[in-house]
Amino acid sequence: MSRAEEELRSIVRKLLERKDVELVLGYEYYGRSVRPCFVSKPEEVERLVWNSDCWFNLATYLRSLRSRRVGIVAKGCDGRSIVELVKENQVDRGSIVVIAVECNGVFKPFKYGSTHVGRRLADYCRRCVTRVSPVADYLVKKGGQAPEDENTVAGDNASDWLSLFRKCLKCMACVKACPLCYCTECSIEGFKPDLVHRLRVPQELFTFHLTRALHMAGRCVECGACESACPVEIPLTRLYHELNEWFRENYGYAPGMSLSEAPPPLVFKEGGED
Amino acid sequence: MLFLDEDGFKRLLEQLVSNIRVIAPVETDGYFEFKTIKHGGEASLDYSNTRLPPKRFFLPQREVVFKHDPKTRALHEPMGGLEAVLLGVRPCDASALNIFDSVLLKPPNPDPFYESRRRSITVVSLSCAKPREECFCNVFEAGPIRGSGEDITLTRITGGFLVEARSRRGQSLVEVSASLFEEAGPEHLEEYGELTCRLTREMNSRIEISRERLVRLEATLDEGFFQQAAQRCVECSLCSFTCPVCYCFDTEDYFEKNAYVRTKGWDTCASTLFTRMASGLDPRVSRVDRFCHRFCHKLSRIPMAFNSFGCVGCGRCVSLCPVGVDIREVLKRWG
Amino acid sequence: MSWKPRVIVFTCWCSSSGVDQAGFEGFTYPPNVLTVRVPCSAVINPSLIVKAFEKGADAVLVTACRPSELRRVAPSRVTEARVSLLRRLLRTIGVEEDRLRILWISSNEGSLFSREVSRILGEVERLGPLNIGGSMVEQG
Amino acid sequence: MRRVTIVLCTCYSTLLGEIDFERLRSFFSDSPLVEKILVSDRLCEKNVFENLGLDDDRVVVAACSTRLLEAVFKGSGGFNGLVEFVNIREQCAKACGNREEATWKAIRLVKGAVQKALHAEPLSTEGLKIVKEALVIGGGIAGVRCALDIADAGYRVYLVEKEPSIGGVMAQLDKTFPTLDCSICIEGPLLSEAGRNRNITIIPNAEVVEVKGVVGDFKVRIRVNPTYVDPDKCNGCGECVNVCPVYQPNKYDADLKPVKAIYCPFAQAVPLKYVINRDYCVECGLCMKACTRAAINLEDKPKTVELNVGAIVVAVGSDLFDPRLKPEYHYGEYENVITNMEFERIICASGPTGGILLKRDGKPAKRVAFIQCVGSRESGAGIEECSYYCCAASMKEARLILEHDREARVFIFYNELRAFGKGWEDLLYRRCLEDGVVFIRSRPSEIRRTGDGSLLIVYEDTLTGSRGELEVDMVVLALGFKPSSRMIELAERLGVTVDKHGFIEEAHAKMRPLETRVRGIFVAGTCHGPRDIVESAVEGSGAAALVTSLFGRSSLRLPEYARVSLEKCTGCGRCLASCEYGAIVREGDKVRVLESVCNGCGSCLAACPQEAITLGNWGLEQLSPMVSAMLED
């Protein structure tokens, strides 16, 4: 158990004992991997872990727990998604307690049938801009060890996006793992066939992925949950990152960095580019 | 039992490739995927398992059921599959085909699309030598050596493969190239016996359950357990899409290019759209309901209706689930 | 018949009059330039443009009111930003961004419309067919 | 099942040579989506379409320019949104090189339109109700003129004024330019006419606190501040004033001549009722004893009035620049540096000095200088724009000085002299030159005080480049307009926008100059920028015309506006940033479209990730199948 974990557990124990929160979203071991867990009793805090396998963004659960007081263990990017959720009126900042954990990056999760040996730092972590959540009620410093990246080559540089899209099963894992995808009737899942039919795979995968990219533009906090959840490992975060870059270049705006920073109005000030 | 040495195997592969479409695991981007190969060398048999099961060769993700042209009043029913050999399927994935057979070919209304594909594809399985960590095929007798849906089972032993024809179609494939095979010798059979023993022991030490008890899952449902576990589930439906057994489908009709088209494609019980009816009513309205359903269906309802479990223990859902939902926890608790 | 690019043109209410004028004044352009009239360019969902590409468009043009013609309030500036964002997305995924253009066409600029369309068609012809639909279903 | 009727128009057979109508017809004749195909040769003529009997059908009309044809259709009323137009003339026949190509294109265009018509939803043809009563906010000349014109057309008007009397700035002026008419003498009759008019209800001492609803049906809440005198009982006899022991500065007289704590703002006030300023009242109760009608009630409380009106005219006027913000002129410190409003009261025969131009020490002012553009045409403390009225006002005031005293010397420090109005050149500028008014092109840098108390203006003449100093007895500062300090608050309540200075913004500066972004809310007078009396009156009448033309309609249909499905809306607010008109607001955890503000551009539709917003038939639901069908082979 690392010092960070010890600190984390003591914070959570205190929160639960004082009944500041009803439950805390954290991570636990199962087998050799890590998964989300919901801790609601002080005696359960021993389950909590914090390491570089904690790639899942727990903020995804916040919206379904809207009516409750919840504590959440948040990496830098998770914190950014909390900021976006608050800005978009989806969660009440007052009802969540953010336990920020300093993050050094997470590993790509091991996928079924992969021939890769050794752990790899997730590509999106190489582009990380905040190792600590921009919103925090508690801060756990030096969270985890710096991941030993056994693959020094930066990410996959696949550029044939069309063939990447073609691999897609349209299983919706990217959408469901995303903390910022919370539409009641997802327009690309097929509730209405206006853009994407429910079953037309692979014909409509182009529209599927581009629409999702457009919907994430200027909102994606690049937590990589979609990419890590994807069973066929489409590097979605890289796509959304490009669109965020567009926002940065045109408006100097990055999502999730501050609660007071409203998303820019979608206009060019004078004349625009060309 | 026959024996096929390394060289014979290569020759067999070349023969097959030149005569018929051969689909075999090919390594791409760090994974193995089933692909049509042009020459024997493309196939790699040194894999734990393919990332995705070979389900799509039997049940494509989307297929046209019929097209109706109102002008000519003609009905087109695309039918028939290309003759092919699917080589290197793991026993668990091959066993899934057995489940498909009992569900989809059940009289009086067998699925003609599945039937024609199943008939045209010869399945050659390859036993596991090193089961993956998340594998639990032993629970459903779907491996690691022999599955239940294949035409031929290959087992790698020293110097080559043990070949067991499991069906008439498998038998005839062997007969076509009979000269390449030889009768397995006692040393081969001994090695095979040892391998079977060792792997069964290894697998059983991980997890061993009572299948009779498991079937009663739905009747003895412990809501508390599922409520806890469902809390974690984000309903991404990745488990259904990567499952070799999940065969649930939906149909969709539309008008395109002056014809009405009915298509059929994979659906998933994790989606809120799965049970929603035209009236808007959804009998499975909560996440826990949908979550429970997946397990009850696989472990209770399919076995009661079709006498085989809806799971083959390949471990894909366990490994790929982004939030660590683990069917083995259900097995251990109820089995 | 040799391949000719298929182009969808989304025209706003005002620029649709400009397109009318082009025809009225006898400026011709290839028939595979198909116009879709919308009340204001801002109603054009970027996903609709994506859909047009998926369905076989080789290029998509959006004609809109020049923002300076309007006052402080100019929905076409929103369109301009959306088009710019989508161009960036297209570039990222390896589709030539010049297949998507926004043109400032006011209601009396018929000649400008046909001139620009001819020019862009030339460029798209050089880029060749896009065939998104085909490349998505192609089997590996 | 939904089917579409296709109506083809050959445009008086002129298109027959350019498009193969037979092929067009046969292409669609077997389609299961098409009910029937009709061909006309003159669809644009009166009643031709109506006689086809396609009232509730889904129809695709392939004919000439949509712009022309749609106008014909919409003009006939009852446009239900199920008719889809295709321009096969300008955008097809005329734009294609040959008949083959034109026919090919026409098929594609019609194919798209068929899909759009199939997916269209009928639009509501229900009209809004119109409450034929108006609210005019502000009882200055613009508001009064407006109220009178609406009332004369036969509609009820509520005229809300924050002061005890209507009249506004004009009531304070001595003379009006360029004719030098007595200001109150020409405004007074108008005020009393407004007071007498049975259709006008004047609500003084009041302000608008809440506005809800849409054009034709606004619900307005008004707070009436207590005056401590019951207006229904007060007959304006003035007995109370005689006994009141306390004095207060009088705003009407530019604080130059005090009045009692119970007072009537000015002699011509409408309504002529007395009011008490509780800031000064000592509650001695003498007035209560003096009042024979027991009208005085020191316990008076604010009241709320609820109004239901169909239209609102904002004519709240504006403020003047605060000269203290230009310390170099020492206003408030040097007592003979005065504002032009103060000057108006001093020179007025009914004013504090009885119309004699006296300095504070009681001696006559013989040398008077005007400084123009104080707080206007400069960035910084004031606003950059010209204040419109002040060149003329200062020249008028110069003439007034010389009319009172032929010996006086008048200097006007100007930047550009703007005498553009009717009669300004002749009656103001030429007369001033003839009368010996000295015009100096300069913005003086400083006013100093000499030992004997007279004022020294330090300036640089920008025509000659020479520096100079000018000694005068009195300096009048011509103040620029500035938006009223409460304008932003009011604008927010009304839902209208203000420009960068804080003046109300028009719907279109040139083409819709008296409308705001909110339909049914109009604007008149200086609240949307500097103006003079003439223009304010013109605008009052103009706004009245807009109100009466609205009231003249039998029913009202808003242009298509965006509608939010509350069921689907997650309240994420992505539409907010996309709306250029600010027509979307948060309401609870959802959003709401302000239907009278929405312009129907549809930007929000494209911003909403899950089609929770619809606008007519312009959603993805219609456009996506349309585009797909057009691109089909």
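We call the chains A, B, C and D, going by the order they appear; numbering starts again at 1 in every chain.
FYI, a contact is a pair of C-beta atoms (placed from the backbone, for glycine too) under 8 Å apart; a residue touches a chain by one contact, two chains touch by 3 or more.
If you're wondering where the values come from, they're calculated on a predicted model, not measured in any experiment.
Each chain's centre was taken as the mean of its CA atoms, and the one lying most distant from subunit C is B. Each of A-D and B-D has its own count of C-beta contacts, and the greater count is at A-D.
Here the CA centre of subunit A is 49 Å from the CA centre of subunit D.
Mean C-alpha positions place subunit B and subunit D at a centre distance of 72 Å. Centroids of subunit A and subunit B (each the mean of its C-alpha atoms) stand 32 Å apart. Looking at subunit A, residues 187, 191, 195, 202-203, 265-267 sit in touch with two or more other chains. Subunit B has no residue in contact with two or more other chains. In subunit D, the residues touching two or more other chains are 578, 580, 620, 624, 632-633.
Contacts from subunit D toward subunit B in the complex involve residues 30-33, 632-633.
The touching residues of subunit C, when paired with subunit D in their complex, are 6, 8, 16-17, 19-24, 26-32, 34-40, 42-48, 51-52, 55-57, 71-75, 77-79, 82, 114.
Those residues of subunit B that touch subunit A in the shared complex are 27, 29-32, 47-52, 61-62, 132-134, 228, 231-232, 234-238, 240-242, 250-252, 254, 263-268, 271, 273, 315-316, 319-320, 322-324, 326.
The part of subunit A that touches subunit B in the complex is made up of residues 30-38, 56, 60-61, 109-116, 156, 158, 169-173, 175-177, 189-191, 193, 197-203, 225, 228-229, 231-233.
By the touch criterion stated above, subunit D contacts subunit C in their complex at residues 65-67, 87, 89-97, 101-102, 104-105, 108-109, 112, 505, 508-509, 517, 560, 578, 580-581, 599-603, 605-606, 615-616, 618, 620, 623-624, 626-628, 630-633.
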